[in-house]
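Below you'll find the structures, each written out as structure tokens.
Consider the two complexes below, in which chain A is the common component and chain B and chain C are the respective partners.
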Partner chain A sequence: MVAQLDPTVVDRNTTLDTLLQTPAGRRLMTCIQCGTCAATCPYGEGMDFSPRLVINMLRRGFLDEVIQSESLLRCVACYACMAKCPRGIRLTDVLLPLVKEQTLVQQSEIPAELQKSLQNLLRYGNPMGESPRKRANWATTAGVQVPLLAQRQSNGPVEVLWFVECYTSFYARGQDNSRATAKLFDALGVDFAILGNEEKCAGDCGQLTWESGLFETLTAHNLEVFNKYRFNRIVTGDAHAFNAFRIRYPMYGLQAPVEHTTGFFARHLPQLRPLLTQRLDRRVTYHDPCCLGRAGGSYDEARALLEAIPGVKLVEMVHHRANAICCGGGGGGMWLDTYYKQKGLERLSERRVKEAIATGADVLAVACPYEVSRFEDALKVVPHDRPMVVRDVVELLAESLA
Partner chain B sequence: MNLYVLLKMVPDTVEELNVAADGKSLDSEFLRFKLNDPDEHALEQALLLKEKHGGKVTVVTLDAPEVDDVLFTALAKGADRAVKLPVNQAELGTVAAARVLADFLKAEATPLPPDTLVLPGSYAIDDLEGELAPLLATALELPYVGVVCGIAPAEGKATVRKEFAGGLRGEFEVALPAVLGIQSADKPPRYVPVAKVRAAMKSARIETVDVPPPDRPRQLELERTYKPEAAGHAEMLEGSPEEVADRLVEILVKNSAI
Partner chain C sequence: MKPIVPKKHEPVRIGFYVCHCGTNIAGMVDVAAVAKYVATLPNVAVSRHYKYMCSDPGQELIQQDIRENRLNRIVVEACSPLLHERTFRKAAEAAGLNPFQVQMVNTREHNSWVHTDRTEATRKAMALARAAIDRVPHHKALEVKKVAINPNVLIVGGGIAGIHAALTLARAGKMVYLVEREATIGGHMAKFDKTYPTLDCAMCVLSPKMASAGSHENIHLWSYSEVSKVDGYVGNFQVTVRRKPRYIIEDLCTGCQECVDACVYREPKFADEFNLGLGKRKPVFLPFPQAIPPVTMIDPEVCLNFKRGKNPDGSHTVSDKCKKTCVEACGDRKAIDFRQTDEFKNITVGTIIMATGFKIFDAKRTPFYGYGIYPNVYNALEVERLINASGPTEGDLILRNGQRPKKVAIVHCVGSRDENTNRWCSRVCCLYSLKLAHLIKEHTDAEVYNFYIDMRTPGKGMEEFYNRIAEEGMHLIRGKVADVYPDLDDGQTGRLVVQAEDTLTNKILKIPVDMVVLGVGLEPHPDAENLRRMFNLSCSAEGWFLERHCKLAPVDTFTDGIFLAGCCQGPKDIPDSVAQAGAAAAEAMALIDKGHIEQEPNTAYILADECSGCKSCIPLCPYTAISFDETREKALINEALCKGCGTCVASCPSGSIVQNLFEDEEIFSEIRGVLAPVPA
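Now for the complex of A and B:
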């Protein structure tokens, strides 16, 4: 199973040309071409070059053909291939991003939605192209004080630097996640603060998608802002930001410990449990976000939180934990729905909600901000008899607070 | 081909625009500038023409905030030469801007070589009438077609496609050199990876070319800039449906509508 990335495996300057001189690159040579990666890939059947073939083409010197095809536009960076590889080959976080990056350089045209999102990320620091000056506007609707780090009076370091992220700042349903997190911090008496309008997207999808230059630009900005302040840890509700801070940012100098909100609140469960007094009599099924589950090994935290809510009955989908099917939003997939539709591919979010519906649950619980919009959209088109709502784990916790 | 693309920076409307204390200019506190959209298409069209027919793409701008980023991005996309004319764009009216750009082009070569196309965007959000291109063509004594959405060059001439209102299209044959105001390129403007732009910033150079300052920066004097003002308000009729109907008929009669 995938664990913390060993920084000696690959460094930030590794390119396709130097990959084979790194331990991770040499490991590629041990691939036994078993095809488990291709079979577990949710879009494997829609790719001209499955992960297995990418490795084979690389080893035989035909990688250019892969780079010149659109095949890897179908990679949603879900870590499934890497998690299942019997040889421990680092596909999702090492090989595939390097190949994708070259694909981006080669393609004269990329799908319009993806292009616009990448351009917006560079110019405005968020993929939706919203004004960066409005990033923290949601905080006035939180119902509790959401302090800005820049306005902090105390001299000592803040305990929690809460990195809010884009969908949770700008997207109306995403803000529900932020309001819930603020309420939970407040209820627990956590010393926290946000960066406000100084924050820009952490850039995870930049790195895992196509755009190392974009990722580095965003990283440089955020690290410069981090360096202005004193804080003990970073907590984020965005599984993708968590992924970037945990794996890539340390290569650029980030040293602070990083937690996802599910991990943070699970660690505070003894203090949180007595506060969860509102009964929520619901059947809940939990979708493991790729960046928390397969990439981070965190499966139990969210489930422990859900089970701590009085009245909640947790049921599992057919594919769960390491086998969970991606919502289709990673690796740029968030902005490729139109493209996938044009290519006749099923939206992964629709595939996933069918499994959720089959459990008979009332609530599809998630822990990544992409999933709320993706699954709510999917539920609009996938027929189901019993009503189902999508809620972030923190939203359910906040609902259960007195 | 010898392709000149004229790029203009316009206010980015993602940030709310506010009128400055002088009541005339835009409040610059949070104002950011971006490349005018049709100009981005003009650049794309030039790059597509270069890829198909060979030649050289020169991008030209007046001085404006954030313009260097735009020039380096154009170089990273495939432009061969980036020229900045050190005249503050904000101080020039459209007539004077056309004059400055015409002076630059005349200094490049008089007459311009017969395979030359000068490609400004067809309009800008602060030049909705699209006056720059025809003014420039007049100053250069060159033919002009605006709202162009397709160019097929041939020896000494080009067939250009132009859009009209109501879904009509027209095809024109124009002698080269010519000025063509671009509405849209044959393909959407391409993406350029950030790493390529950064490489361009390290290796490429923006050329500064001096031009004589225009004797009359503005032809028109701006009196006032203001946000749309509500002229009137809707009147809500209250009461039972019969009362409302009676009142409505009364109003319509009074206004000679029935």
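Now for the complex of A and C:
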């Protein structure tokens, strides 16, 4: 599956003009126009220029037509096309963001919701426009100590720098995730600390959406903060931040190992398992987040954690693991719901939730903070007989703690 | 021609020839300057450059010089000795010189082709020439040894390729051992209903060949057997074959199948391998009606007369718990033997043909096609059985749910042309997918959709076949299937949706179908690596057995006396497999009918007086050519086994091993020569 982006494959300064000179660009020349990418794309039907066609337009010198259309605004950076491409072409992390960026530059009008989030990110370091000074306020409600790195007494490096991220800091349902993570760290006796108000959005969606300039601003800020402190690893519960730290940040100098909370807790399962004493007699289906699954190759960790919870019965949706359907939140999709609706496109979260309902599960487990609100909203409109709740894997784990 | 016998102390007289090779060499090397320089070197009597040394006039030039100038050493500076060493040795021999007085210098592959500076390349050509000029005075006249060749042939694998090669050799009077791993020969072809491009019945053409292979007096057919050990060399391979127990004595079984009818299991109950698990068989069974040999076998895993489970050594323990109605039915024929164990046969053969074929791609490796998840997803080989009159449904194409499909999707390139699975094009699946489209339509009148990336139909009659199928009204859609999933609107019949882009209309298609057929690709057997090691073969990166030269030696291997036929060398169709099998048989015959093998005299020998008997060379020889003479306490090299690799020579602490053509003085002179200063 998709490995760490090797700077020899493409470097951060690659543009559409220089792409064909890079190894990733030369790969494009091998595209056999099979259409797997188009057919697997959740919004393939809504694109005038599917990834397949983008490649051929590029190879023939007609890319301008693609850029002038809005086609690529429908790409939710879900990595589905890239995972199945028989030529191993780096669509989601190389070609498509480059084309998408140019597409947005060309638009006379950027969808308002997106525009707003973009401005918020630049101004406040979070897409919802919340005050950056309130970023760590949730921590007082955690029920356990959540130390700030800046206030750390000990001189040695902290074991875990926990990068909390935006949704998990400001949204009520996101904070549930943070509180659960804090409890789990505490129960395991992990030496951890957060950055508090110094943290800004990691910028993954910025990169995969539109604005590499914005992404670089956020990256520069976060790296500068990282450089102030000593820590052994970064752990984050946000699958998108995880993606950015794993793939993009190393191009700007990040060297520390990075883990997603599911990977971290799965690694500590021997210590964690005895603590999971509360039975949760639930049928659970797990939605693979794109940035964790297809992009990161992590499918088993979350499942192992769920199965460690006494009483949990894991059931799979029709599309799962590498074939999972995106919640629609990536690549800026989080702020394009209104736009997609205007264009008559089905909300992907609704498509996904239908599959979850069909499993007969009572819990839809997720591992990315975008998904909680997206799926909870979708469940409000998709009819279902059995009640279904959306829970992050860490929330379920915390619930099972004594 | 009377051989020139070098007189004792006759002065060395070298003829030197540098070849232009058109512009291949002369384009980068100043050949005239090289010839001029070499003329000044010691012992050189003649020094020339010529346009094509390998041409008839080129060879004639050498021969004339040998005669007229009494030359007794020849150095040809040209291409790789792999190409023309034989040519020049033969030319010199024809003029009466011992062929091993000829030395070649490779100035093309090692020089003109790889350099860009003409002056430097010319100097390199001079240095290389000098090395050879200094070397050849030490050359000795050597003799080519002839070793008799064993005329018997081993053929590994009894698919169409192995069968065809066996029959060809048997007809020519050669004794063939045909070793087949499964209980019957026939390979994949025996499972097909019809074959493209002619749509003739596969068994109608194959079963007569299988039967004659089974009954031919020159063929020892060992089915349910595997090669377990190979020793020796071309002309004289010692092979051990393991005959696995089938618990039926082949010579006594008449194939009446009365044991099958009499088995305590009234109904067939166990997954039937030949039908890929789509049908059922009893513990005692005939693999399929036309099996060759037509002999039943007993599966000890399920037969009541055996204890469950294998012993650690793979054998099974008899329990004697069953009533053994089969034995009763067999009666006086006494063909059932529950105490059979592995039997090892040792044979000697002169040549070997590998014909182990392929395995189909396991479609579970592309989980988004739903194979092994949704019952109505089949691989192509399973469908071959389903439409086959001798298959589990007697040719009635019905699904696992008992329904006859009305809409069928055939997915091309499953496990082919894909970086995530196998990168190669499997070559036969486009055509067999078209064949299956036709047969499915013929059997069920279903709508058939073929999803392809590129329709590859090369070969005689194949494009016409494609045309014919298109005319029959198949939906041929250019787009690779990306996803197969259950139709949510249909909870009942197991209908599936096939999703692909029609790349010629830019439309995403979601076609509900009753059956999905996966056009799985061909891959090497998982145990090809073991065979490769056992037979000392080479494999391509993908794991196919490697031919010696892709164009000019397509059935030879890098091991003398071992040839390749059929799909073990790479994916191909039946016509090509058969053609290759014929070629492999002809190559084997060419060796056998010559009667002997000529051995390159570059072998090593031990100077017994100097050997200290330390034995350090013995384990090092990769060809186990060195033994130890216990009475004399000296090591001894079997010339017939020695391949001239030189490992022992370098290892001997007392320097008592000498290798012909690579004697110390030859090599040191060559090194001194290459390092000697050359004109700027």
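Criterion: the second predicted complex is superposed on the first by the 402 of 402 C-alpha atoms of A that agree within 3 Å, B and C clash if a C-alpha of one lies under 4 Å from a C-alpha of the other, contacts with A are read in each partner's own complex, and residues count from 1 in each chain.
We adopt the following convention: a residue touches a chain if its C-beta (ideal position, glycine included) is under 8 Å from a C-beta of that chain, and two chains touch if they have at least 3 such contacts.
Just so it is clear, the structure is predicted and the values come from calculations on it, not from any experiment.
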Legend entry - Clash or fit, chain B versus chain C on superposed chain A: fit
Inset, instruction - Based on the superposed arrangement, let me know which partner A:His268 touches: chain B (first), chain C (second), both, or neither? - result: neither
Legend entry - Which of chain B and chain C A:Ala358 touches, first, second, both or neither: second
Inset, instruction - Please indicate which partner A:Val105 is in contact with in the superposed arrangement: first for chain B, second for chain C, both, or neither. - result: first
Inset, instruction - Using the superposition on chain A described above, determine whether A:Arg59 touches chain B (first), chain C (second), both, or neither. - result: neither
Legend entry - Partner chain in contact with A:Arg233 - chain B first, chain C second, else both or neither: neither
Legend entry - chain B versus chain C as contact partner of A:Arg12, first or second or both or neither: neither
Inset, instruction - Once the structures are superposed on A, label A:Ser131 by its partner contacts, choosing first (chain B), second (chain C), both or neither. - result: first
Inset, instruction - For A:Leu118, select first, second, both or neither according to whether it touches chain B, chain C, the two together, or no partner. - result: first
Legend entry - Partner chain in contact with A:Thr217 - chain B first, chain C second, else both or neither: first
Inset, instruction - Look across chain B and chain C in the superposition and give the shortest C-alpha distance you find, in Å. - result: 32
Inset, instruction - Report, in rising order, the residues of chain A that make contact with chain B in one complex and with chain C in the other. - result: none
Inset, instruction - Name, in rising order, each residue of chain A that touches chain B in their complex. - result: 101, 104-105, 108-110, 112, 115, 118-119, 122-124, 129-131, 133, 210-214, 216-217
Legend entry - Parts of chain C lying in touch with chain A, wherever the complex brings them together: 367-368, 413, 417-420, 453-454, 478-483, 485-486, 488, 499-503, 506, 508-509
Inset, instruction - Over in the complex, which chain A residues touch chain C? Could you list them? - result: 32-40, 44-45, 50, 52-53, 84-88, 318-319, 321-323, 354, 358
Inset, instruction - Name, in rising order, each residue of chain B that touches chain A in their complex. - result: 14-16, 30, 34, 187-188, 190-191, 193-198
